[in-house]
Structure formats: C-alpha cells, structure tokens
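The next part holds the structures, each set out as structure tokens.
Okay, so subunit A shows up in both of these, paired with subunit B first and subunit C after.
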Partner chain A sequence: MAPQTQRDEYLPPPTERFSLLGVIWKNLLTPWYNFVLTVVSLWLLYAILKPTIRWALHARWEVLPANMRILMTGPYPGEFLWRVWATLWLLGFVVGFSWGVWVRRRERVTWVLVAIPILLAAVSQGTVRLYWLGVLLAALIGWALGRRLRDRKGGLIGVLLWVFYFPAFVLLIRGFGLPEEGPAWKYHIAVQLALYVAALFVGVWAAKASWPGWIWAALAVVGLMGWAGPWSRTLFIGGVVAWLIWNGARRYAHLEGMKRFTISVGLAYIPALIFIFFAYEPLAQTWLSKVNSNYWGGLLLNLLITVFGIMFSFPLGVLFALGRRSSLPVIRLFSILYIEFIRGVPFITILFMAQVMFPILLPPEMSIDRVVRAILGVVMFAAAYMAENVRGGLQAIPKGQYEAAYALGLTATQTMLLIILPQALRNVIPVLVGQFIGLLKDTTLVTIVGLLDILGVAQSVLSNPDWIGTQREVYLFVALLFWVFSYGMSYASRRLEQALGVGQR
Partner chain B sequence: MFQRQISWRTLWRDERFLRVFGQIVFLLVVLAVGRYLYINMYRALEQRSLLPDFSFLNTTAGFHIGEVPSFLEYSGESTNKEALIVGLFNTLRVSFWGIIFATIVGVIVGTARVLPNPLARFLATVYVEFLRNVPLLVLLVFWYRGVFIVLPKLTENPIVIGRKVNPDGTWQAWLVLSNRGMAMAWGEPTEAWPAYRLWLVLALVAAVVVYIGLSIYARRTGRAPLTLLWALGAFLAVAAVGWGVVTLTHGQAPLSLSVPYVKRRLVKGGIRFTPEFLALLSGLVLYTGAYIAEVVRAGLQSVSKGQIEAARALGLPTFQTLRFVVFPQALRVIVPPLTSQYLNLTKNSTLAVAIGYPDLFNVAGTIFNQTGRSIEVILIIMGVYLSFSLITSAFMNWYNRKIRIVER
Partner chain C sequence: MAEQDCQPQATLNKQYAPQVKKQSHARYDQDPIIIVEDLHKWYGNFHVLRGINMKVWPGEVIVIFGPSGSGKSTFIRCINRLEEHQKGRIIVDGIELTHDVKNIERIRREVGMVFQQFNLFPHLTVLENITLAPIHVRKWPKEKAEKIAMELLERVGIPDQAHKYPGQLSGGQQQRVAIARALAMQPKIMLFDEPTSALDPEMIKEVLDVMIELAQSGMTMLVVTHEMGFAKAVADRMFFFDKGQVVESGTPEEIFTNPKEERTKQFLAQILH
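== the complex of A and B ==
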C-alpha cells in the first residue's frame, strides 16, 4: 500500500474551471472593486441605453429614405446616377475577384460581405433594389473569375485591379469632356506632355525591373496621372499610354537605349492618337459626358476627395520622406520646412488657405474650381503626415539592407525602390491605413469652406421645413456611415497585415 | 606626368559635382516657382488694392462676439486686434478645459481597457472604437444641433439640480441646463479676495519650497517621498489657513457662493456657459478622450508582465509596484503621444467655426470676410498655431532628454 500513499501525496495541479458562474464570480464580483466596477458599468449601460432606445423608437427615421439620394450623391445629375452605381458594381467585382484569389478558407466575413448587398436590396425599392443585386452579381462574377485565375497571375491582376479601380472610379464620376476653350488649354497641353514623358520613363524603367517594379510602375502611373488634376482625359489616356509603353518596352528590353526609347514612343503614341480622335470625343458627347465638379456632392464627394487625397498624397509623401532623409542639405531643409509647417497648423487653416490663396497665387486665366482647390488642400495636408509615417518606416530598415544592396551592385535608385521602400512601406501599413481613415474623416471639413459634402447636404436637408427637428436622426446616420467605412478600412488593414506578416519577421 | 583634365564630360560623371549642381537647380526651381506665385499674388492684390498691410488691426471691428473672457473688454467699438485677442483667449480657454477633462476621460477609459472585468472592458472598447471612427466635425455638429440647442427651454422644463422657487416668482438651482446653456453655482470673489490672493501666492511658494526640499532630501538619502503629494498638501494647508485668517480679519470669506437664479427667460449669477462652448468642449473631450485612452492603454500594456512579477517577487506591495515599476515605464511611452494629442485638441478647436463658438479661427474668419485681408489673416492664424506647435515640441524635446533611459 506504500506506493498508493505516495501517489496520494502528489496532488494534481488545480485545473482551471470554466463554469459560467465561476467566470462571473471571478471576473465580475470579486474582489470588492470588481463588484463596484460591475455595478457602475451596469448603471452606465442602463443610463445610456434607456433614453437612447426610447428615443430611437419615436424618432422620425423616414427622413433618411426620403433624402437618401441627396445625402449620398448631392446634386449629382439624376440621368447619370447609373455611373455612381457602376462604381459600386466595379467595386463588387474587384472585391469578389480579390476574394476568389486570396481567401482560401471559409471566413465569417464572407457572409457579412454577401449579406450587405442582399440586406440593402431588401430594404430598398424599385430600380435601386436591382442595382444592389447587380453589385452582388458583379461580386459573384469576380469571385468566379478570381478562383479560376488563382494560380495564374491572379494575385498580380488583383493588385492591378485595385490600383486601377480608383482612377476608374474618378473617371466614371467625372466623365469625359474637354476643358472650356481658352488659355487653360496651354496648361492642359503642357501637363499632358509632361505626363507622357514621365509615363515613358516609368515604363522603360519598369521593363528592367523585377516584379515589385510592376507594382511601383502602376502606383507611379496612378500618381502621375493625378497631376493632371481636373483633366481626367489625361488620366485615362495616361493610363493606357503607360500600359502600352510598359508592355512594349518589356518586349524590347534587350535592345539598347535609344532604340528602345523610339520603339516605345512609337508603340505608345499611335494607339493614343487613335484613341483621342476616334473614341474620346464620341464618349464625351454621349453617355459618359462630363459632370462638373460643382455637381459632386454628398457622401460621393467625401469619397472622391479621399480617393484623390490618397492617390496623390501617397507618392508626394514618399518623396518628402526621402527628401527629409536625403544627404543633400537643400532638399532636406526644404522637406523639413514643408512637413513641419503643415503639421504645425490646423487642417482647416490649410483648407481655408487653399480656397482663398490659390486664386490669388495663380494667374487669373488658370482658375481652379472650389472642389479641386479643396482637393489640393487635402493633398498638401495629407502629404506631410504621410511623409512622417513613411519616414518612420524608413528609419526601421537596418543599414545592412542598404549595404547588401550596394554590394550586389544595385544603384541608389534601385536600392530605394526595390529593397528599402517595399520593406519600409510594409512595416507602416497599419499607420498608413490609420492615416487614410483620418483623411476620410477630415473630408467632412470641406463643408466649412462651403462645399456640399454629406454634412453640407445634411444641413440643407435639415433647413427644409418638412424635416425640421430631425437633426439627431440625420447626424447619427452620417456618423454611423463614417463609422462603417472607417471600421471596415481598419479591419481590412489588419487582415492585410496578417497576410503580409508585418511584425512577424 | 599625371595631368587632370577638367571638361564637361568628366564633370558630368563626378558625383560630387552632380550633388551640388542638382541642389542648385532644385533651389532655382523653387525660387522661380516662388517668384512666379509672388508676382501673381502681387498683381492680384494690387488690382484689388489689398496689398499686405496690418493697419486693419487697429480699425473698428464692429461685429458682436458671443462670449468674451471676463478680464477683457470688448464691444462694438473695439478694434480688430482686440477681437483677435478675445478669440485667442477663447481658444486657450476651451483647450485648457478640454485638455484637463480629456485626460481624465482618457485615463479612466484607457485603464478600463486593460482591467480583468469584462463588462468594464467591453464598455470602454465600444466607446473607443466608436468615437475614433467618427469624424470630429460630425460629433460636434451632433452635440450642438442635436443635443445642446434642443434642450428644454428655461420656461418649459430645463434640467436642474436642487431647484428652489423664491416668493417673487424667480427660482434658483445649483445647476441649470437649458437650451441657453448651463449655469452652475460658483464662488464669487468678495472684497476680501485681493487679500486672499496674497495667501494663494504664499501657498504656491510653500509648495515650491516643499517640492525642492523633498527633492534634495530624496537625492541625499536615496528615499522616495511622495514629493508632489506633499507639495500639494502644503499648498492646500497654507491656502486653508489663509482662508481662515482672511475670513476673521475681513469679516467675510474671500469667495461667496453665487447660486444661479432664473428670472423668466434670463439666468443670472453663478458661472454660465454658452451651448456653443459646452458643445465644443464635450465634443473635443469625448473625441480626444478616446485617443488618449488608446495612448494610456498602449503605455500600460508596454510594461512587460515580467516587470510586475519581478516587483512582486521582491516583495513590493501593489502601490509601490505601480509607483516604482509600472508608472515610470508606462509614462515614458505615454507622454510623447499624449502631448501630441493635446496639440491635436488645440488644433481641432478650430472646428468651433462650424458651431459658432468665437475661437481665434472663427474671429479671424469674420475679420477676413469684413476686410478681405486674406494674407494677413492667414499669416496671423498660422503664426499663432505654429507657435503653439513649436512650444509643444520644445517641451517634448526637453522631456525626452529628461526621461531617456540612461545607458552605460
């Protein structure tokens, strides 16, 4: 019996018990301060929820469906509303495609995403319901395509789809159309020429680069296209041109400098000219005609400004970050002054300055309209913050990476673009997404300088005598809308982080 | 003999030359663009006869400002400069109180985010996740238009604490909250106040003396007295003694309690806040509080568990663990982002313009609308906010030097 008693002396370690009552006892009721905390929390919950629910049951929610269109799109012309929907169909397609390519496991989020258009279709009526089902259909088509291409360059196509989604979004909303006749043409052509040259260099360079070069080229093209500002014609043609140059240059990459250059130019210009003369003008006159920016409004305007802001402030911010770390004193000083100045003043003063100062600083014939001025202000502002975030990423790259790249014989530019920046940017994804969210939230400030974004539209809805006294309903809806967008973005960034293994290497 | 040839061809391949040359070109481009913009601006302003000139600061403002700090004079005849000063003090006022309350909210919520109590943690998480993902402007407009100016009127059914109806039909309360803002019982200086002010100065001196004395004591003996707490105690003690002495010698207390009373549609007495101020303050506090909560949480979580366990193993009680192990390490993480949140709050107070609180930006905007002096107004606003930022970053640099971990 001796071994028996010996065994009894060693008691097994106490096991953690997971009974509901046990958890409640351990976390909610003991010791005394936990109990106090629980009581206070419950009281808070009650004090907030009771009046909120009582109000929500008696609120005049009908103000929202009655004004939904104007809240979403502001004064955007009704005959072209389908173009707004088209951007959503495209989005559905791109999201579906990405899902097909990248999401291999069963995910609960999938069902949430599928439920969104179905739910929205269920609560809407008439054509709107069909439109929402269209979003679902586009997503399903994209998903099927993505699954088929999963192992054949699907990832690359997915990235490019996202990169080109945003210019397409802007293009659909803005439409084709010539700028008004006048001296502005001079600038228009100059900008276009500069763009062609830039796209050319990017294309030729990209042909030499390995795969990160593709993404860089795409990003650079999108960024460069942006500089054309209101001339979305350039935007689109610039994209086509860059793509052609890039493809052409790839094929002739083995040829020597000048020869490759000539071939690229030839390849790029002929289709571009054909496009300009045969496709562009008819488009502008029919179903894709220009919608002036003073017709942009509602949530659409907020999203447009965000998209523009991200598209242009990103490359600009990277440039300023590199400038601030440059060994050239003039460039470094310029970057530091710019960044610190912008970061030192409130956003609204920048917007105010953009509205008031740009018309004074530029010659009278180069008038820029209000929306574009606001966008420029946003870009100027966001670039400075972007630069600081990117700089944080750059500083985290160990020196050995530079030295290894030089040892391999890469030039300074190649080192930066192929070795340093991809790593630095991957490390700052969470911060950058945080900044994009901030940008989206900050777009509401344009209402202070008199633009009709969703807040501005909300104000005009509330001054309608039919809807007086519905401030809470309307503003709560606006807040929830922004919440959904921001939360969605931060969720997506967390997933992207996981996929890229940030913080795990 | 080795002869060095200098020609353009070799120069173009010399990196040292290219670096200098590139910078010169860059500088020239910047200067050219600047000159171009300056000429355009000069022409445009000359045409409108608005060339930069700060004399408008001394002309009559002629507009009404809703709230003026009690120590400043402002009327319709005051100059633009005085209007701007009123705006500046309004900005400082809302930022000051905003920073204090946002810190309180942030510390409470941030601590609740790391507590084991799931209910408190849940509430704090909901608060932070909601507030951080909603634009501040929407929040402000919601507070102002959806809450503060639709509160019950004074004549109807305002929210009150401790209401008492007087025989003459007026009524008074400790706190009155209506669509006209909030009024609260408050100490009002009496004739004895100037004498008491001297005592307050004395109390401050006492606190500083205690602080310095204890610091020296701490350095000599290696002990760690609660310096700040003792200094605060000294301040309060002297202030209390002074209160008694002044009350005895002057026959009345330095502050008398002023309770707000309502006469039909007017509130008098007590301390009063406009709905604009309340909406701006509460919006800023809730919004910045959520960000500060995240800062606090990150700071608390940055202290590794091993540190706390080691402190426990050394036999430190809970309070000492917090004071000597957790807080010093957490504060090092918390203070830099916290200061930038304070700066953000100050900068965000410019959104007051959307709800009509007369802060600096709002007043400057009004002046711009009246005089058309764009450049001057923008320079003034940006100068003020830039100097706020510079002061803050100077403080940050000093603090970072002070708390830097001393390495070998």
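== the complex of A and C ==
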C-alpha cells in the first residue's frame, strides 16, 4: 500500500523525460504492426515524392517571371506601374508603424514579415528588386516612427493610417483625371470646401446654437430640388456633408485642442485653394491620370475585390442580422426576404445580375463601372451569409446580458454596441474568417463576367503559343498565392482570438 | 407538528445570523418612493401577478419571500420595467411607468438591480463593468467614474480585483462586483433578485455582509430572498407572496413570531429547517 500524502505536503506533477529516440521507438517501431506501418508509409512517401521532385527539377518555371507582371496586375499600363508599387510602399509603412506602436514583445512572425520583401527582392531583378527593398525601407521607417510615437498618440495615428490607407490605395490605382463638369469644377470644389470649413467653425464656436442646422438643411434642399441650376449638386452634397461636420464638431467642441485644430483646418484652406487652382490640373493629366477599371487585373483585382467585399459586407451583414431579430415587422420581413433570396441564388447568377441589373436600376447619368458592379455583387452575396453567421453569434448571448444593460439605464443602441455585439462577434470570429477566406477564393469567379483576375490572366498566358504545356507551373503558383493569403488571414484570426480572449472563459 | 412550526426562532441560528444593532433608516414622514397599485400581469393565459399593492418609503428595506413561481421575481422586475405590466399602476420616484421610453430610461437610471446570475459583462474587466454606465449614461468623465468605481470596490472589499475579468472571480466576488456596478450609478433604489441563490454557502455570507452594510447606509432596498437571517437583521417590512398575491405582510417580528396566515406558517416551517 502506498504511503498516504501528508496534510501539508504538496507534490510536483509527475514528469516524463523527453528523448527523440525514445519517442521514435515507442510510437513508430513497437509493437510489430507499428513497425510494418512505418515501413509501408515510408515507401508510399518515396513513391509519391520521387516523380514530383523529378518534375519540379525539369519544369519550365521561366513561365512565371516572364509573365509575373500580368499575373500580378493584368493589363494595368506599364507607365503607371509605379503607382501599384506605391500602394505597397504605403502598406509597408503602415504595417511597420503598427508594429512599432502595438507589438512590444519579440515575435517570430516579425521575422517572417521582414523576410518576405527580402526574399522577394532576392529572387527578382533590376528595378523590381529595388522596389521590394523600397517596401522594406518604408516598413523600417514606419517602425522607427511608430516606436517613437508609441506613447504619444501612436495608437490613434495607427488607426487613422489604416483608415486612410484604403481610400489612398484606390486613388493611387485609379488616379484622378479631370471632373466631367467642365472648367467650372474648381469653383464648385472651392465652395464645397468653404462650406465645410464654415461648418466646423460654427460647430466649435457656437456649439450650443441649433439654428445653423437649418442653414445646411436649406442648402441641401435647394440643391436637391434643383433650384440652383448647375450648382444644385454642389449645394446638395455640400449641405449634407456640412450638416454632418457641424453635428460632429458640436459634439466634440468641448474637447481640449479642438479650437486649435479648427484654426489649423481653416488655415489649410488657403494652400488647398492654391493646389486646386494651380497644381491639380497638370498633376491629374500626367502622373496621376486616370486608369479605368477595365485595366485593373491580376492578383491586384482579386485582392481589391476581397478587401472591399469584406469592408462593406461585414457592416451590412451585421445590420441584416440585427434586422432579422428586430421587433419591427417591416424591417424583419425585409431582412428575411433579402437573406433568403440571396442565399437561394447561386453566386455566379448574382455576379451576372449585378452586371446587367445595376445599369437598368440607376439613372442613366450615373454609370458605375464593371469592377464596382462586381464588388457590389460580392458584397450583396457575402452580406446575406454574414448576416446568418452574426445572427448565430447574437443568439448565443444570454438574455441576462440585455437585462443587466437595460437595468443600468443603457439605451437599446448602447446595449447593442457596447455589450451584445462585442461578445457576439468575438464568438463568431472563426466562422467569419472562414467566410472571408471563401470570399477571397470566390473572387476568381469574376472571370466569368469578363474581368481579368489572376485566373483569367493565367488562362490567357496558357493560350499563348510560347507557353503551351505549362499548366502545372502556372496553376501551382496561383494555388500557392491563394494559400499564402488564406493562411495569413487564418493566422491573423487566431492571433485576434487570443488577444480578445485574454482572461475570459 | 404545527406547534413546532410556529417556533422558527430556534432554527434561525443555524443559518446566517449577523450580530448587528437593528436600526431603521426608513423616512416615513416623506412621500413613498415606490407606489404600486392593483398590479396585474399575465404570461399568455397564466395570471402571474394578481392585484399587488405596495408602498415603499425612502430608506426602507423590504424583503419579499415566497415559494418559487409565486411571482416575486416578476414583481420586482416590473419595478424597473424588465417586465411589462398589463394592468394597474407603478409610480417610481414620482414618475409613472408607461410605454414612454424616456420615462423608462429615467427610472432605470435611479433604480439599480442585482441579479441571481450576476449578469456581469464577461468581455469587460471588473473596472470597466462598473464604469460603463456612469460613462455612457451619466456622461461622467472617465477619471471620475474610475475614482468612484475604485471607492465602491473598496467598499465591497475587492479593490485588488479591479483589472481582472469576471470569469476569473469566484461567485461571491462576482456578485459583489455586480452590487458595485449597480451602485456606481448612484441609484435611489436597489432591487435584489435572489442575490445569493446561485452561491456556495461559504460565499453567501460575504455578499450578505455587503448588503447589510448597504442597508445600514440608508439605501432603499427591495430584496427577494430566502435568507431569513438577513431579513431579521435589517428588514423593515416583509411581504409573503403566494400564487401572485401578497398573502401576508408585516415587520420581521410579526412574521417570524406571530404569522397570521396558515400558508405563511407552512412556508416558514419549510425554509427554516
């Protein structure tokens, strides 16, 4: 009989010494049937790997560097390719900055991120190698800056950088060109900006007064009714945006530094005018001239559709999920109809519908281009599924959470935003990321409506007589690219779960 | 058998029996802070509250007890409109509860509630749980809300847990955080819906001690509980609920030593064993 544990005795857990040979012996070689299985597996592995390696050594990999540019960007014009690179430099900067601000511990993934541009620079040649080193340089600059600003509003700047990255990305890819309203556009822009600056000033210095609201509303109404002739549109947009700015400025007028901020915005109006009247036109016609979305393609197009699909379908999906649980019958019915209709139609059908239906539904002077139509189709499709996933998360929240929030005096909106959604969304991160990954892969279907995404480009490469018979190489490369991005998302989501799950059951 | 049941005093000592000097803070010279008149409520066809009348004066401690399904939880949940009543009137702090959302929100700001299942927000730290409503409902600056939250955590005895998440605390600690969270809104009335029923025996005491301290500070309290030791120590009046009606009410002395109704005697005999 074993001796009994003493009352004040605490024993360490039993330990087992680890040794590699021991593990191999225990799991792979004994008893005899494990030994047989090990031998058979090794033989199978050899039988599969031998022809694979032989093929890999003799494959025509040169098809990839020769067509790398069109695989990545499709028919994007070569003279403006630097703009695509510029988006990568910006991305490097923003990622580096975020690292400097938020990542305090040494992380293995840091080295992976640093290794990516170095590796890509190593395998590329000429200017492309310099461009990749530029990405690395931008990341290092961003990192150093982020570290310096870490304790001085670095977090806020980091968030702003990410928020502004996406519009900057699109503007760089698309360029500007000149507005279609004719030579008067300068005055229209100047008037709009003047309205916004005025709204900011009034909001901050007369935060208590509610009468300015009527001015902006009146301007918007005049514009909407078309009473101002060619100025109607300007007044409408100006009035609406000015009202929003004024409202926000009133709410935050009491914040420290708000007046200083307002004055600096007011002063910035003058250089902005100078830029609009003298610098914009030459710039828009040369460096930043417009590249129509017909010329966007390759991986660039896949990523673009993915990013915008996620950015817009996510909030829309949350809204539909809330709508489906709403107590208002009209909203509930509309949400149910929308979700069930979209889920009942194949994705390809929706893509086709988006291409042909939007031009019919919209007024003729509002034409939206094909890429935007494809993105709209993706958003509509993804939002319906997103809504059901989010609804699953909402249903897992116990009733007591609503009751506790209401009992504290929180409004229904505050309860939703502060208590319910943060918990519900955290619970469905794995499902949502699964859907995002699916969305990335589904973007290859836009080939069907005539867009040249990476798969479309790959097909056109393969039909080129010079590269006949290179399907394996090209498709393997495309698959690898998709794997890298999918795994990246998956990894990021696991890290997010860890970060949000700290100390929670 | 019945003779024995009439003398619950002997068994009271087995339960929670705090040694406090009984001292009422009820201010009967003022107007009642809660008036309930002829309150009725149905769940579908089930008539769960059948004509409740009650007046509560500021500073009073009311204990509500009765068998499960008697409607006592439903009743106090009507007072901050977590449940809607279908007939009768509820007037809290001079405001009548109607469908007017603004009135409901105004009353909820003045009425704190503690639940049986704690209902802390698991995604927020203890400190964030407590400061959430003061910051977003009372619009206090964060520093002020945190200062008051720390004072409250000190008062309920767990200032060292401020930065943990609810899932890392014991049941008794969680319920004390829930009390601090309700108090942070500086309510005029506190509702307790079976605050110790989900707790281990060892933790019941730490929660009841906090509630007794609160009662002695002059807070108006409505407590649904079966902790008769607590009732004896601080209650001003007790209400016995059965089948959606108030069967009997009176001071703890009247209820414990001289219950009038047969049903009250029966029930007390059961829970005081």
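We take it that the second predicted complex is superposed on the first by the 349 of 505 C-alpha atoms of A that agree within 3 Å, B and C clash if a C-alpha of one lies under 4 Å from a C-alpha of the other, contacts with A are read in each partner's own complex, and residues count from 1 in each chain.
As a convention for this text, a residue touches a chain if its C-beta (ideal position, glycine included) is under 8 Å from a C-beta of that chain, and two chains touch if they have at least 3 such contacts.
Worth saying up front: this structure is predicted, and the values here are computed from it rather than measured.
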item	value
Which superposed partner A:330 touches (first subunit B, second subunit C, both, neither)	first
Winner by number of subunit A residues touched, once subunit B and subunit C are compared	B
Partner chain(s) touched by A:348 [first = subunit B, second = subunit C, both, neither]	first
Which of subunit B and subunit C A:442 touches, first, second, both or neither	first
First, second, both or neither for A:482, with subunit B first and subunit C second	first
First (subunit B), second (subunit C), both or neither touched by A:360	first
In the complex, subunit A residues that touch subunit C	398, 400-401, 403-411, 414, 418-419, 422-423, 426, 500, 502-505
Parts of subunit B lying in touch with subunit A, wherever the complex brings them together	19, 22-23, 26-27, 30, 37, 40-41, 44-45, 112, 115-120, 123, 129-130, 132-139, 141-142, 145-147, 150, 347-348, 350-351, 353-354, 361, 365, 368, 374-375, 378, 381-382, 385-386, 388-390
Complex contact set, residues of subunit A against subunit B	27-28, 34, 37-38, 40-42, 44-45, 328-331, 334, 340-341, 343-349, 352-353, 356-357, 359-364, 437, 441-442, 444-445, 447-448, 455, 462, 469, 471-472, 475-476, 478-479, 482-483, 486-487, 490
Subunit A-touching residues of subunit C, taken from the complex the two chains share	80, 82, 105, 108-109, 111-113, 115, 117, 119-123, 132-133, 136-137, 164-165, 167-168, 178, 181-182, 185
